[in-house]
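Chain nomenclature is as follows: A, B and C, assigned in order of appearance, with residue numbering initiated at 1 for each chain independently.
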Amino acid sequence: MKTYWVAYQIALQETLQRRSTLIMDRLGGFAVVVSLYSFWIALIGNKATFLGYTRAEMLTYVLALNILRSFVFTGRGWQLVGEISTGKISSYLVRPLSYQGYALALDLAQKTVHVAAAFFEVGLLALLVRGGLFLPSDPATWILFGVAVLLSSLLFFFLEFMVSSLAFWTSESGGPLFCFELFLQFAAGAFFPLDVLPLALRRALEATPFPYMVYFPVRIFLEKVSPVEALRILGMEALWLAAVYAAAMTVWRRGVRSYAAEGG
Amino acid sequence: MTTLRKYWRIWLRTASMAMQAQLTYRLGSFGFLLGKMIRLFFFFAFMAAVFSHVETVAGYSLIETALFFMTFNLVDMTAQILFRGVYGARRTVSEGDFDFYLVQPCSPLFRMTCSSVDFLDIITIIPVIVMTGMVFARLPPLGWQSCVAYGLLMVNGVALIYAIHVLVAALAVRTQELESAIWIYRDVMFMGKFPVDVYAPAVRWALTVGVPIAVMTTFPAKALLGRLSAAWIIYAFALTAAALPLSWLFWRDSVARYTSSSS
Amino acid sequence: MAAAIETKGLTKDYRSPLKEPGLWGGVKSLFDRQYKDTRAVDGVSFQIEEGELVGFLGANGAGKTTTLKMLSGLLTPTAGSATALGHVPWKRESDFQRSISLVMGQRSQLWWEIPAYETFKLNQAIYGLSEADFREHLDELVELLDLGEHLSVPVKKLSLGQRMRAELAAALLHRPRLLLLDEPTIGLDVIMQKKVREFVKVYNKRYGATIMLTSHNMTDVVELCKRVIVIEKGRLLYDGPLDRLVERYADHKILRARFTTPVDPADLKILGAVIKYEDSTITLEVPRAQMAASAAALLRSYPVADLNVEEVAIDDIVRRLFTHG
C-alpha cells in the first residue's frame, strides 16, 4: 500500500510541476465546455425548455460534464500503450507490484489536480453565466451521485485499461485506444445528453456500459430519475464494473503472456 | 521553379515514407481511420438529431449548419494533411531530428511541417468532400462571386492555421517543451464546429479578433451564404497578411536561439 | 592551399533559467526569471587545411560537440567568427550545406520503420542529386561500407554496426568535401569500429575530403589523425601533431620488472608510483629524468629476472589530460 501512496505523491508533484501543460490542458477543456454550452443555449433560444432541460439544467449538465471529464476521463491508457511500445513495461512486470494498482495511483494524482481545477472553473463560470445552477436539495441525491461517479471512474479506468492492453497485439499502436475514446465521448453523453437521439438508438446505447459514465450520473444529479430508478442504475453500473474488471484482467494476463512469449 | 519542383519531390517522398512506416502498424492504422470516421458520422448524426427537434439554430437551418460543419472539416483536415508534422515538433527537436533538418539544404520549417503526412487524413477527406458536395446540392442557387469568396476564404483560413503552426513549431524549437501548445489549439478549434453566431457576443469577439478560429472556419461559409460584409472579408485577408510574416520572423528568431539538445 | 575551416575566438554561451525550489519559487520564476549563462566554448581559434583529418579531443562537456554544431551551422555562436569552405556556417547557405555533412554517433537520420534505402532516396531529393550521380555514389558507398542487402531491411532490424554504416552512407551520398564526425564508433564492437575507421581513412584519401572527428576511442584517434586539437572546459589546450602531444604530456615512462622470488611492493615505492603488482611482476610509473637511476637501483637490490621500459600508451596520456587537467 505504501508503494502506491509514494507513487501517488510523486505523480502529484510532477503534475503540479508541469504547470504550462496543466494550464493548457485546462484551457483546452474549458473551450470545449464553453462551446457546448453556447450551442445548447442557442438551441433553447427563447423557449422554456429543450428536450425537457431548462436553461439552469442545461448549464448544470455542461458544468457537471466539466467535472466528470476531469474525474472520469483521465485514465493511464496512453501511458500503457507507450510503455508497451517502448518495452518499458517489462521493468514493471518483474517488480513485486500490481501494474493496475500503480496506474490507479498515478491516475488518482492526476484526478486530484484536475478535479480541483475543474471546481475552480465551474465556480467561475457559474458566477459569470446568467440562469443559475440546478442544485439538488435532497442529500440522498448527492450521495447517489457520488457513488455513481466513483463507479463511473473505475468503470472508465478498467475499460480503457482493457483497450490499451490490446497494444500487446496490435504492433505497438494506439489505434484501438484512439477509436475507443472517440466513440466513448459520444456514447457516454459527453457531447450532448443522449435524449437528443432517436429512441431506438438511445435504447441501444443504454444497453452498453458507456452511458453510465456521464449521462446517467448527471441525470441522477438533475433528479430526472426516481430514487428507485437511480438505485437500479447503480446496480447495473456495479454489474458492468464487475464484468469489465474481469474482462480487463483476462485481456491483460493474456497480453502479458503473449508479450513474454515473443521475448519482449 | 526548380526550387518548387524540388520541394514537391521532397514532400512526395516524405509522404510515401510516412505511409510505409504507418503501414507497418496495420491494425493500429485501421483503428485511427475507424476512429476518424466514427467522429464524423456521430457528429452528423448528432446534427440531424438536433434538427429533428428544432427548425433553426442561431438563425441557421439544418443544411446551413451542416455547411458550417463541413467547411470546418475541410479547412481543418487540409491543414492536418499539410502541417501534421508540427504535432511532433517537440519530439523532432528533443530526439535530434531537427539537427539534421538544419544541416541539410532544405528549409527546416518545411521539413518539420511535412515530416509526418498521414495518408489516413487523405483517405478521410474524400468522404468529407463528397458530403460537402451533397450539402452544396441542397443550398439555394449561389452566385459565382460567393463561390469565389468561399474558396479564397478557405485558402486564407488554411494560411492562418499555418501561421499558428509556425508559431507552435517555433516555440518547440525555442523552449524544447510546450508540447501541449498544439493540443490547446486542437481543443479551441473545436469551437469552430459551430457557426460563430451561437456564441455569446464576448466569446464571438474573442473568436474573431483574439484567437481567430472564426476567421478560419466560419467566415468561408458565411461568405457563401452572403452573410459576411466586405469589411470582414478584407479583415480576414489583412489578418493573414499580418500573421504570416510575423510568424516567420518569430520562427527565424527562434532558430537563431536554437540550442540543440545535448546528446 | 586554402583553409577548409578557420575559427577566430569562437564562443558559445548557453542560457538556462535558474530554478528555485518549491511551489513559491516556481510561481516567482513565472514573473521574475533569473538566468544563468554557461560558457560551453570559450574563444577557440584554429585553422584546418583542406584534406586534413584532424582529431578533436576533450572530456565530456569540454565543448567538442558544441564546436562541431557551430561549424555545421546548427548553432549560432555568441561571439567570434568562423568560416567553413569559405562560408559562414550559421547562415546556412544551400551551397555550403551541399558540401558538408555532420554525423553524430548517437543520432540517426534514418527512418526507423522502413529500409535505409528510402532515406537515401529522400536525401537524393534534398541534395538534388541526378539519378546517375545517385547511382554512382551509392554503388561506391555500398561497396566501401559492405552494405549490400542491408539496404532493403527496415532499419530497426539492423544491428548497431550495420545501422552506423548505413548512417554514414546516408550522410555521404552527396559526397561532402567537409565531414564532421561526432563519436562515429560509439557503442560499436571492435570489428565494426575497425571497419568504420578504415572507411573514414579511405574517404579522406579518395576524395581529399576534410574531416574533423571527435572520439572517446583512442584507437580511432591514433590510427586516423596525425594532428589533434584538444579542448578543455571550452578553451583550446593543444593544437599540433599527435606525437608531440605525447612528448609534451608524457613526463613518465613505464618500468616493468619480473622477479625470481616475490618481493614486498611497498618497498619499491621510492623508485616510482606502483601501478600494479601481480605474479611477481611489478609495473611502475617513473618520471623520465629518474628512469636510469630507478632501473639501476632495481637491478642492484632485487632478484630481477626480466626488465623493460616503455613509453606511456597514448590513450593513457589523453585520458589523463582529461581527468586531471
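As a convention for this text, contacts are C-beta pairs under 8 Å (C-beta built on N, C-alpha and C of every residue); 3 or more make two chains touch, one makes a residue touch a chain.
Quick caveat: nothing in here was measured; it's all calculated off a predicted structure.
Each chain gets a centre from its C-alpha atoms; the one nearest the centre of all protein C-alpha atoms is B.
Among the remaining chains, A is positioned farthest from chain C, on the basis of C-alpha centroids. By C-beta pair count, the most extensively touching chains are A-B. Chain A and chain B have Cα centroids separated by 28 Å. Measuring from the averaged C-alpha position of chain A to that of chain C gives a distance of 53 Å. Chain B and chain C have Cα centroids lying 45 Å from one another. Along chain B, residues 24 each make contact with two or more other chains. Residues 14, 65, 69, 72-76, 90, 92, 94, 97-98, 100-102, 104, 106-107, 109, 111-114, 118-119, 121-123, 125-128, 154, 182 of chain C are the ones touching chain B in the complex. Per the touch definition, chain B reaches chain A in the complex via residues 24-32, 34-36, 38-39, 42, 45-46, 49-50, 52-54, 57-58, 177-181, 183-184, 186-188, 190-191, 193-194, 197-200, 203.
Chain A contributes residues 20-21, 24-25, 27-29, 31-32, 34-35, 38-39, 41-43, 45, 50-51, 169-183, 186, 191-192, 196-198, 201 to its touches with chain B in the complex. Within the complex, the chain B residues that touch chain C are 6, 9-10, 13-14, 16-17, 20-21, 24, 95-97, 99-100, 102-106, 256-260, 262-263.
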